[in-house]
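By letter and in written order, the chains are A, B, C, D and E; residue numbering begins at 1 in each of them.
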Amino acid sequence: MVTFAILASVAVIGALGVVLLRQPIHAALSLVGTLLTLAVLFVTLQAHFLAAIQVIVYGGAIMVLFLFVIMLLNIEHQRKEVQPWLRWAAYGVGLVAATGLIVGAMLDPRQVPDHAVVRDTLQGGHPRLIAEVLYGEFMLAFQLVGVLLLTGMVGAVALVQRPRPQRTSAMIDERRKERASDALEAGGR
Amino acid sequence: MTGDPVSWAALAPFLALAGALVNGLFGARLREPLPGVIASAAVGAAFVLSLVAFATFGERDAGVGVRLWEFMPVAGLDLAVAFHLDQLSLLMMLIITGVGALIHVYSIGYMHGDDGYARYFSALNLFVAAMLVLVMADSYPLLFVGWEGVGVCSFLLIGFWYRQKQNPDAARKAFIVNRIGDAGFLVAMFLIYRTFGTLTISEVNAAVAGFAFGAAALTGIGVLLMVAAAGKSAQLPLHVWLPDAMAGPTPVSALIHAATMVTAGVYLIARSAPLFAASPDASAVVAWVGGITALAAAIVAFAQTDIKKILAYSTISQLGFMFVAVGVGAYWVGIFHVLTHACFKGLLFLTSGSVIHGLGGEQDVRRMGGLRRLMPVTALTALVGTLAIAGVPLLSGFFSKDAILLYTFSSTLLADHGSLVLYGLLLVTAFMTAAYMGRWYLLVFEGEPRLTAESRAKVHESPRVMTVPLVVLAALSVLIGYVGLPSFAFPNLIAPWLQTATASVPFDYPPVWAEWLLIGVAVLVAAGGLALAWWVYALQSGRPVTRFGSGRLAAFARNGLGFDALYRAAVVSPSEGTAAGLALLDRDVLDRGLAASVTTAGFLARAITLLQTGYVRNYALAMLAGAVILVLVVVIAGVRA
Amino acid sequence: MVGTEAYVALSAVLFTIGAVGVLTRRSAIMIFLCVELMLNAANLAIVAYAYQWAGTGLLTGISGQTAVFIILAVAAAEVAIGLGILVAIFRNRASTDVDALSEVRL
Amino acid sequence: MTAVTLVLLPLVVATVLLFARKTIVARAIALIGAIATFVTAVLLPGSDAVQVPWIPTFGAFIAFDPSHAGGVLALVASLVMVPTVLWASLRVESNTGRFLAALFAMWSGLMGLFLARDLVLFYVFWEATLLPSLVMLGGWGGPQRRQALLKYLLYAVAGSFAMLLTIAAIKPLAGAESYLFADLLAASVNLDVLTQTWLFAGFAIAFAVKLPMFPLHHWLIDFHEQNHPSGAADVAGTLYKVGGFGLFAWALPLLPEGARQAAPLLLALGAFTAVYAAIIATRANHLKRLLAYASLSHMGIVAVGLFGLHLAGLSGAMYLLAAQMVTTGGLFLISGMLHARRGSLDADSYGGIAASAPALAAVTLLVLFASIGVPGLANFPGEFLALLGAFQASTAAGVLAVLAVIAAGVYGVNLYQRLYQGPQPNPVADLRPLEVVVLAPIVAATLWLGLAPAAQLRVFEADAIITVERIEQAKDGVDVPLVAVGEVRR
Amino acid sequence: MIPADGFIVWSVLAPALTLLGFAGITLLLAVFQSDRGFIATVALTGVVSAGVFALNLLMQAQGGLAEAGFGLRYLADVPATAFTLVVLLGTALAILVAQGTLGRMGLDHPEYYPLVLLSATGAIVMVSAGDLITLLLGLEIMSLAVYALAAWRTEARQSQEAGLKYFLLGAFASALFIYGIALTYGAGGHFDYAMLMAAFTQPGFEAHVTALLGAVLIIAGLGFKAALVPFHQWAPDVYTGAPTPVTAFMAVVVKAAAFGALLRIASTVFASLEVGALGALLPGVLSVLIGATLIVGNFGALLQTGVKRMLAYSAVAHAGYLGLAVLAADQAGMAAAAFYVAAYTLMSIGAFAVLSALMDDDDGGDGIERFAGLARTRPWLAAGMAVSLLSLAGIPPLAGFVGKVLVIQAAIATGHAALAVLAIVTSVVAVVYYARVVVAMYVRDPSGAARTPERRTARPLGIALGIAVVGTIVLGLVPGLWYGLVDHGQNLLVFVSLR
């Protein structure tokens, strides 16, 4: 109970950090915190293998990629909010959404399962069990993941790895103007 | 077609139609007077057929039906192009083709040299065809074919000289007023169908017996038929077109607007006699409308100065007499007056035509006078006609008018509806008839000539082709009355003949001495009227002429008792206003309004596109909000359940 | 032991926070980060439910955990293409502010 | 097969015409095509019905039957199309071939629409006729044709989509086996009053738009005002004011209960339309506007005839529909001829021309009087019976509608007077031989329809009996087996 | 768990595998071969071969021999194969359109065709999926490729915007969808439809709320791809911003796939949820969404001056009409939708083909003025456009009309009369905006200012237009050709297996 409360609080605080922290780097790191907390929660739910994957894949690979891109794109400066009301609308809708989903969860009448039975069944999410499912009933899905990653790769490469078009001076001018107007807007507000 | 000579008469309208077609299609290429000859021959042949049928009809009880082809065999209606030839229709056919033939012949001379010579005869023939269909029809719808057909021909002929604006205007007025009556006819037919389930006249007449005396349905039908009859026969308040109709060539006025078409209303009521005989209320409407019309038209006739308009109002007045006759249930008398009136009024119109022809178009009686010496045949025949219409004894008008008075006096059908008052009304009218007709004759033919220089230069007696019909008609005007001598003392040929075809209504005949007394009264009235005219217009020659137009009453009368003004104010202007208003409403309000409602759709479209802000986060908000609403719906339903 | 509904409620909260983040952050990359948070919240729910279903003694719990595995892969693929698009655009615009992406509208 | 030929032949001609570049070639093709189609139409009465499965899973058939009301209308419409095609080939100068193609496409669509005995097929042709008329208006119309076109399109489509809804619903709701008329008729007894009323509303909207009926008539006015001044497109437009036919052939027999519920309102609207339009027509100055309002008035009378739900009225309404194709069509052709003479469609710019064009005046007078319901001519039997039927249902509506007869007299005579009578400022040419050829069928049909309506009326009545009997049953609340209804037909 | 015999059924996978194989081939060709036309042809060959396999499967399923692989997780029943065929048709036509325009527009990068084929593979997986995870993967495969394609013109602001918008919102929608999967799994304990149905209809089932929450979130996720209101707002912007050939592909293939999946879920999982006390909830929710979609799509299109954007809104509107079929998914709706989506594919591609032929190389110039007088200057293009637009408007006897009748009929048969009325009312609005273009082409005179480019229509484009127009007409006149094949939608394999 207490463990859950602490972990939940940490996860929520981390999540709030993602939303509220100004610096993208901070926000990303805050997300990493939440992800790690989630890994711990997975452990309490008899999903040890998943917890490991969570730390390795998310905390390790995906988030590092994010941080890399954040730093690459150098996206500190933010212009003034165009629609200030949107923030409060978002908070309102979010509050309602959370309430609704929580009430929905509470409406589920099922009993808490017997921990022993769960442990015997899941065996802590043993890789062997997962493998059996993955290569059994999820075999097609597993293959499709491959296709998916291929698609993602081809798509990303196609967009980024392009023979650069001949830049005309007009295009450069256009981009300059754009930047200038961006700066003006940022400064003016 | 059977071997029965009576049924051959069914060809009559087609002969006239053939004449109309020949003249209509090829007339323009025919040389004068060929179109006139063709037309006259067609009508003459029709007259011969009618005469043969009339002669061979014999003592039959029922009419001869001639069924040509199916017309509208729908919804239990057995409507065919079928003719019903009985005593009534045959008599009418004789009038139409007989008088018609004479007038056709007369027209050969009268229309000499006109551009529309062939067109004229084509229309005139077409009219005869339509009129024959009207009287021969065995069903109301077919009768209506003729009914509107004569209206159309009347329209064509009134507006015959269409290049002056007033002639087409008069034609239009005639057509529209007639259409009002026709609308009444239509509704009458609908009501007949609802009441009787048939529109065949004989079936309707037979079925009347199944209804209570004075049943409301019968009264309704009767009144509606009277509306129709009033339109066609120029009875109050739908009489306004007839005086204007004098814009047409004078033979047309004689044939259509005196002898035949305008009597169609009388014929209609006589045709539906059993129905009216069973409905005193409807009959009372007929008789009273007739009586009031007779008097009112007589008053107006006094004040007119146009040679034809006097006759036109006289016609309206005489038609009123006929309506009184059929109204009180004396159907044969009504038709008898149609017959005599066709002769003498036809004659009178033709004589006035002759005068106009002789004077080169002059129509104002103030610029006539003394024509007896210049146009002797015309004057003589006109005198015969005048005396006949005035009711001078032993001439045709005397017999028919006397019969009307007598039957009105002795009516039982209208005994509760003031038949005696009507009698008085008619007596007054008869007096006035004699007086204004005397005035007409005296102003035109007697006294000093007041002709304009132009007229004086042209004046001549009409050619033989015109005077012969005058003479024939004059003879008829004298003689035709003898078919209907007062039955209490003399053999009456026409009454039993017609009663089989119409209906017999009981009358409360007075004793013989009283009948003689009534005749005496009638004679006195006629004599008095003529004497008055003589006194005013012959003895004080010259002076009364200057009194034309003086006095408010005279002006009122000259303007037809203000009916035209009334219509303009109460009907024409409001309708025109309504039309203008509706046109405006339709175009500028309703159409625009619908357009505006389309604009509302535009607002919705604008609103939707405005939501499309382009901001990703707005879209995400919409998605999330949508999803949240769905979630809430589920959760709330779950909490409730 | 805490009930499954508590875990699910937690996942709901995280999910909502992620969604709110999508609405409030303006940098495309931060929005994407928030989407990752939402995916993780979903994962948490699945793992919690897997635990619940394991209570019936059947292997369905394992298939739930396996599904999480696959969803991780989905997230990875999305990251690949997403970052690809971001980079491609940033080359041209030098900005990841999504509010600047509002030219096509109405 | 005659029926199929009649539907396809004009379509083939239309297709060929699309490729005719030279005007003279187009004229020749059109002439031959018109004659061939008309001959086929003449062969139509008594020819066999056709019924071939079309979309089996859908329950739609290619079914044509010339022995019903539609057969008569198809014949009359063909009769009118012949002079229209001739006139158009003479008077439409730009892209003659295409215009004629549109006319022939319209012809084909009309034939299909009249002859179809399958509801889906009917609808397809219903919409198919829309396109050529749009093309004619859009391609050859007046300066404001775009607005007119969009308005017309909007009205037409709004109406036909409402019908589409009914069509989509009627089969599943009634549980019919197919969209064949006979199957729908047999199954529609399963529909309760409320459903019938709603379904009927769908039909009623569609047909009221095309009829048209107040207040859905505004498209008609603009449509005619903006169409090519030759009047050819107007004639075609007049031909397919087939809302009355749709009601008669489909809506009323299939949904008698619905019809009975809606009849009082529609009867009143019809009567109002008749009078309203006729009154406005008395004010109109533009020839085509006048004719538009006049024909709108006729359509009001058609409506009262139909919604009187009386045998006479139903048959009469159909007859009036057929007759007004000829008379209104003829008047539009005449207006085109007038325009050819003086280049104007304003009544004010004419006057007194009977003197110089007596034959034209005579034909105008004949057709005009036929149009305003003078007995002995085309419109009278239909008008009379329609009003008779309406009066049996409602005295008030009957009497109101009769007022339109008076107003018709007013505008008819006014029009004639303004065009042909009075002083003649400048003379015009009289009918040319080719114009005589164009008008001859119109005149012939005017007389034929006026004098010998019996055969056609019998056909209409045979169809109308179905409706009337079903309504009688509905009134009595008795379920009479429908076989009996079928046998009643003569 | 060792896969049993018959777990992997290769024949079922044939269309998808063929497509995937050809995606690989084209990818390799893209590296070595510079002739883009050749690559396109190879891609087309792949699509056609896949189509042959799919047609074979459809025939088989028609004969009652529907197959399934992976324990009902990948199906080849009538709806699946029918939608597969539609997807392939759309893909083929879109490839032709692309082949005819990409080179001219300077967008002929080598990865285009592989991505299209991959995307189509994902779409096929979506419509064939028998479980939520497979569905998710199909959806992602399809979407990722389309995200990239939408941003294809990386140097153009509009295209960038389209790609990023689509991607961000798509990811957001995916998150919703995945959360929905999580909840559904929570309620039913399974991911495959058959087992979920079994679980939901079990007597002791009590987690209704969880299941319904899962369902609505799945609706939200799929509704995004299908462009149902309020998840539609990306569609007008992305369709407008994406290069026109891509828009054509998106408009037809993505829509077909989304609806194929949505229909199957609606007819199985959702249908089984209708047993409980909250049974009427899902149809109610759906009908509100569909009603809103009809209104927004049609009215949104009303004021558009760009034809491309008008078509984008119209795509939203057509989602509404297809939605009518979803409501009747367990009855005639499936077949109706299969027909409608085929018709939609043809007429939509027809319109986009003409649009591509007319637009400038930089994807500009889709204003309605460009269509003024087109009937005179380019009669064939105008005729093709007119047929397509009139069909979209639902004018008989074109395919769109039959489709509309079918879906409306299905909706009425399931008691959604009010929605059917709304569909009709909004169709009237639709006629207005489609007609505006047709009127411009046929009534207005060619205006000098907005001249149409004087260029020949590329042959592949012409072929695509020809196929689309002929198909639209043929499907309208003889709808039985296609409807006869798909009208066995009620016999979903999942149902068969349960009984």
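Quick note on the criterion: a residue touches a chain if its C-beta (ideal position, glycine included) is under 8 Å from a C-beta of that chain, and two chains touch if they have at least 3 such contacts.
Owing to the predicted nature of the structure, the values given are computational and were not obtained by experimental measurement.
The fewest steps needed to get from subunit D to subunit E, moving only between touching chains, is 1.
For the pairs B-D and A-E, the count of C-beta pairs in contact is higher at B-D. Comparing the centres of all chains, each the average of its CA atoms, the largest separation from subunit E belongs to B.
Distance between chain centres (mean CA atoms), subunit B to subunit C: 95 Å. Centroid to centroid, with C-alpha atoms defining each point, subunit A and subunit C lie 5 Å apart. Centre to centre, using the average C-alpha position, subunit C and subunit E are separated by 26 Å.
One simple way to say how far apart two chains are is to compare their mean CA positions; for subunit C and subunit D this gives 64 Å. Shared interface positions of subunit B, defined as residues touching 2 or more other chains, are 609, 612, 614-618, 620-621, 624-625, 627, 631, 634-635, 638. Residue numbers of subunit E whose C-beta contacts span two or more other chains: 1, 133, 137, 140, 144, 147-148, 151, 154-155, 163-165, 168, 172, 176, 186, 209, 213, 236-237. Of all residues in subunit C, those that touch two or more other chains are 4, 8, 15, 18-19, 22-24, 26, 31-32, 43, 48, 52, 56, 58-59, 63, 67, 70, 74, 77-78, 81, 84-86, 88, 92-93, 98-99, 101-105.
Here the chains touching each other pair up as A-B, A-C, A-E, B-C, B-D, B-E, C-E, D-E. Here subunit B touches subunit D in the complex through residues 24, 28, 69-77, 80-81, 119, 141, 144-145, 147-149, 152, 155-156, 159, 162-165, 167-169, 171-172, 175-176, 179-180, 182-183, 186-187, 189-191, 193-194, 575-576, 578-580, 582-583, 586-587, 590-591, 594, 598, going by the rule given at the top. Across the complex, subunit C meets subunit B through its residues 19, 22-24, 26, 31, 98-99, 101-106.
Against subunit C, the residues of subunit E that register as touching in their complex are 1, 133, 136-137, 140, 144, 147-148, 151, 154-155, 157-158, 160-165, 167-168, 171-172, 174-176, 178-179, 181-183, 185-186, 189-191, 236-237, 240-241. Against subunit B, the residues of subunit D that register as touching in their complex are 154, 215, 218, 221, 276, 279-280, 282-284, 310-312, 315-316, 352, 354-355, 358, 362, 365, 369, 374-376, 380-381, 384-385, 387-389, 391-392, 398-399, 402-403, 405-406, 408-410, 413-414, 417, 420-424, 451-455, 457-458, 460-461. For subunit E in complex with subunit D, the touching residues are 335, 390, 393-397, 401-402, 404-406, 408-409, 412-413, 417, 420-421, 424-425, 427-428, 431-432, 435-436, 439, 442-444, 478-480, 483-484, 487.
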